[in-house]
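Below is one structure. I have some questions about it.
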Amino acid sequence: MENNAFADIVGKEYKCLDKGFVRLVDVMGDDNSIVQAARVSYGKGTKSLREDRSLIRYLMRHSHTSPFEMVELKFHVKLPIFVARQWIRHRTANVNEYSGRYSEMRDEFYLPEPMQIRSQSSDNKQGRSQDELPKNVVDEILQKMEDLQKNSYSDYLFFLENDLARELARINLPLSTYTEWYWKIDLHNLFHFLKLRLDEHAQYEIRVYAETIADILKQILPLSYEAFEDYELDTANFNKNELKVLREIIDVEKFNSIDLSEYGFSKSEGKEFKEKFEKFIIRNKE
Amino acid sequence: MENNAFADIVGKEYKCLDKGFVRLVDVMGDDNSIVQAARVSYGKGTKSLREDRSLIRYLMRHSHTSPFEMVELKFHVKLPIFVARQWIRHRTANVNEYSGRYSEMRDEFYLPEPMQIRSQSSDNKQGRSQDELPKNVVDEILQKMEDLQKNSYSDYLFFLENDLARELARINLPLSTYTEWYWKIDLHNLFHFLKLRLDEHAQYEIRVYAETIADILKQILPLSYEAFEDYELDTANFNKNELKVLREIIDVEKFNSIDLSEYGFSKSEGKEFKEKFEKFIIRNKE
Amino acid sequence: MENNAFADIVGKEYKCLDKGFVRLVDVMGDDNSIVQAARVSYGKGTKSLREDRSLIRYLMRHSHTSPFEMVELKFHVKLPIFVARQWIRHRTANVNEYSGRYSEMRDEFYLPEPMQIRSQSSDNKQGRSQDELPKNVVDEILQKMEDLQKNSYSDYLFFLENDLARELARINLPLSTYTEWYWKIDLHNLFHFLKLRLDEHAQYEIRVYAETIADILKQILPLSYEAFEDYELDTANFNKNELKVLREIIDVEKFNSIDLSEYGFSKSEGKEFKEKFEKFIIRNKE
Amino acid sequence: MENNAFADIVGKEYKCLDKGFVRLVDVMGDDNSIVQAARVSYGKGTKSLREDRSLIRYLMRHSHTSPFEMVELKFHVKLPIFVARQWIRHRTANVNEYSGRYSEMRDEFYLPEPMQIRSQSSDNKQGRSQDELPKNVVDEILQKMEDLQKNSYSDYLFFLENDLARELARINLPLSTYTEWYWKIDLHNLFHFLKLRLDEHAQYEIRVYAETIADILKQILPLSYEAFEDYELDTANFNKNELKVLREIIDVEKFNSIDLSEYGFSKSEGKEFKEKFEKFIIRNKE
């Protein structure tokens, strides 16, 4: 908890969707802890890596993931159950969820904003398209959603009033019901979560949470997040066949004439790019 | 797939609750694989352990869990979503669940049997009591449950007809909706799952599945399941304070006069019991 | 980092064996974080559990393990490689180890104290007995150990001087060579580690580290460690056959006449003991 | 165990290094099991994906990893301890290792071939270069290695003869000593292992094992391995800065004129490539 960014952020509720939030409860470590852990591994081997920033970037670039596991973050999250069901698939994390067996469920449901009421995507089997539905259809859908949420909660209250066990009374609540949990995860696994959940194919409702967490990380772990962005998030992976095509349409001479430092490459980044270029583009070009 | 028990069981649907099932899809290994793996670890050290059964019982008794991890089981399970939410908390397993983003949810919901419509337990905060509710209340609760399930599904169909994206159309389906998944786990972790989910404090609806899986294991892994039952399931753990009391009310002389072989103890089991008795009962008795 | 115990302990090197140590680098959370996480899960259900201590004890007693996962600890450990090989088998942890590929191995080896030079146990296939060997044998063994350690390190230096790659030069160093690592684990999994490694069947050399870690936990997580001790460590588990015998030698009337509060039982602990006694001792007594 | 490839391969010892081996002990599932598991997840959503091969390639390309977790493989491996120490860092696997506490260690050590006795790499801090050392130096190094291995084993025998406990007698054996284990892992995690250990930066001695396992997979899981090769192994990842450079040297018009089917692209692969090209190359080109 060395710097001010932490103090401003820890404990603050960042709103997500209509009634949810993300709240950073606690952090173990910061950018510096990653450097510290890496220096244990590499001992004298890291002597020449003078700066923290370049060491962190080197680790990320070369998939040396274990130092990033040395930072741990704990969040308090309030989220609809259907989002929770996607989220929990990330198994390398610790969870304490609100229990509908012990406690009464609250009267809180996710109702999408009208602009999210979109049609099925035709090219993405799992997602919604960019197209909104006609306004009267949107209104009718939202009205039906709200009515069912009300009815299911009024049933729930009826069940409890008649002394039905809580663990049974809740079984007809909808997947849009809000739940909450404490969620604890290390930074490496959190980056993996973000890589999948910031993706445009992720469902909008979980993406909102991923973006909020990304914003928090940018502030409390600026060097790590920057490296994650540069080397994991904003990257393009080209496969065997695609590389064959790239070889045809790349101007190698132009590449050789480029001064990489003008593009923001450090010396070692430039050297690695040249090796990669040599290996994937030139070497296989007959 | 060495014996007949396997052939009879693999692929068979064992019904659970009103519309669910458990189906064993595949198994890697059997009781013998556990022995085989243990013999790699203990090498010559297991020479003297002549029988498979006593080796398996020795491993279980001494919490040598890794050989049990060498057996892997894959199940196909159909279950209500609120049960799936408890189940998924067991993280050391592989899961492929039916996706409501890719595919249409089906018109199938869990409706409890009338005798399960019980009141909240007064001494167990998380469970239901043994008491059924009055018949007219039960009837009204079940009627309300069924009505809401129908309404939510008719809304769902309305949403799809109006081309709402599947990933949104489903968010108001109730937690009683059936889902299905492939679930793969090793035997050690499955025993841990069973220990927690066969327990009387587990919710009835997941206990039904645990009991079905236990029945399957008894048939295909008879020696391991027997050892699990004897040394994990049907055991009592006494803590520090409780042991103090036991010391006061136990007749040590009577213990010394007992012939343990008459109680089914093997020689080494008897020796270990005597050591445990000596350590926890006698040694601390002043 | 709320209290003084933390400030005194974090960063301090606790010596282990002849040249090793355990050093607590960082902690996320304390006893109070466990309570806080549990209250998220149980919501109103925990209202009646007024005290933190009784809630922590309740969680431990009932194997509600997830709140204990909400505390995370990071250690810096220096240890012989053969101890590291046992330690790493605990998979639910994060590790950054000193790398002999990147860096030169140091001239540090574990040499047992003379009193640890003991004979093979006859009844415990995996351990040493209580018997020391004759002094002249001990001396000869230790002399041979020290000589080989010296020779292997002098070979290592020779290899490096002749420019052999570090990753190959090290392959003949003995398992007694010291390594070091950062090791990060949550409290639930750390308790599991301690349960196995504090056990008298664990090898002495790893037990020394487990005891050091236990001492640290006692100071920084006093309520949790006390609960672990009472309900996990100092307990006796009796299996099916053993319970049959206990039923014969236990005086039930005497049990019924005992005032459990005199033995330090809280009201709910007493109630649970009576239920357990009823279930395992009385109910099955014909 | 449906096909002949399995029958020929299961149980066969594939030699690795001078005295090690890899032996496939058992497999749960094949390419078809992956398809089967995916079809549970995607339900009707996969109707249009007619062929198994294209479904497997689609899953791999889109990082839908869970169906690959539904195949499980068990290997028996004999390997030097320093290789085992790298290998065990892959935590999502089950292991039963030969125990030097229970059993006598055998007189078997890894001695590199002369051509592997290479100098430290100057540009790769963790590896060896392509340069062999002078023949007389190689001979001297290998002689010293062999002598130390002999001496350490003769010490070991001396210790055992003098009844030193096995768990202590072994602590001075070198890291080049062979051990063996059963190792069980799912296919997704095995691919991750291979991705890291087939890499040219992996130490040669573990790469030999990775290559042997890759050869086995090619035969028993041909579709999955092909997809892994095309979409994971033989791919190039370009980061933010590198993409900026690519944008300068790529001829977009030439790209548009290319008939991708001539390069072996299926229709959907071609569509995805064009989208990727649009997103990373064209869209950001001002």
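Letters A, B, C and D mark the chains in the order given here, with residues in each chain numbered from 1 onward.
Following the convention adopted for this analysis, a residue touches a chain if its C-beta (ideal position, glycine included) is under 8 Å from a C-beta of that chain, and two chains touch if they have at least 3 such contacts.
Just so it is clear, the structure is predicted and the values come from calculations on it, not from any experiment.
Peer 1: Treat touching chains as neighbours and tell me the shortest step distance from chain A to chain D.
Peer 2: Tracing touching chains, the least step count from chain A to chain D comes to 1.
Peer 1: Since chain A and chain B are copies that touch, just let me know if over half of their interface numbering is common to both, same, or not, different.
Peer 2: Both copies, chain A as well as chain B, present the same residues to each other, with over half of the numbers appearing on both sides.
Peer 1: Quick one: chain A and chain B, Cα centre-to-centre, how many Å?
Peer 2: Chain A and chain B have C-alpha centres separated by 33 Å.
Peer 1: Take the average of all CA coordinates in chain B, do the same for chain C, and state the distance between these two points in whole angstrom.
Peer 2: Those two chain centres are 28 Å apart.
Peer 1: Calculate how many whole Å lie between the centre of chain A and the centre of chain C, each centre taken as the average of the chain's C-alpha atoms.
Peer 2: Centres of chain A and chain C (C-alpha means) sit 34 Å apart.
Peer 1: Among all residues of chain D, which ones touch two or more of the remaining chains?
Peer 2: If we look for residues of chain D contacting two or more partner chains, we find 42, 45, 95, 99, 102, 125-126.
Peer 1: Could you list, by residue number, the parts of chain D that touch chain B in their complex?
Peer 2: Going by the criterion above, the answer is residues 1, 26-29, 33, 36-38, 40-46, 66-67, 69-70, 72, 74, 76, 94-99, 102-104, 180-182, 184, 186.
Peer 1: Using the touch definition up top, name the residues of chain B that touch chain C in the complex.
Peer 2: Going by the criterion above, the answer is residues 42, 45, 61-63, 125-126, 196, 201, 229-231, 234-246, 248-252, 254-255, 258, 260, 263-265, 269, 273, 276, 279-280.
Peer 1: Give every residue of chain B touching chain A within the complex, in rising order.
Peer 2: Result: residues 80-82, 85, 88-89, 91-92, 95, 99, 101-102, 110, 112, 116-121, 125-129, 133, 137, 140-141, 144-145, 148-149, 151-152, 155, 158-159, 162-168, 170-177, 203 of chain B touch chain A.
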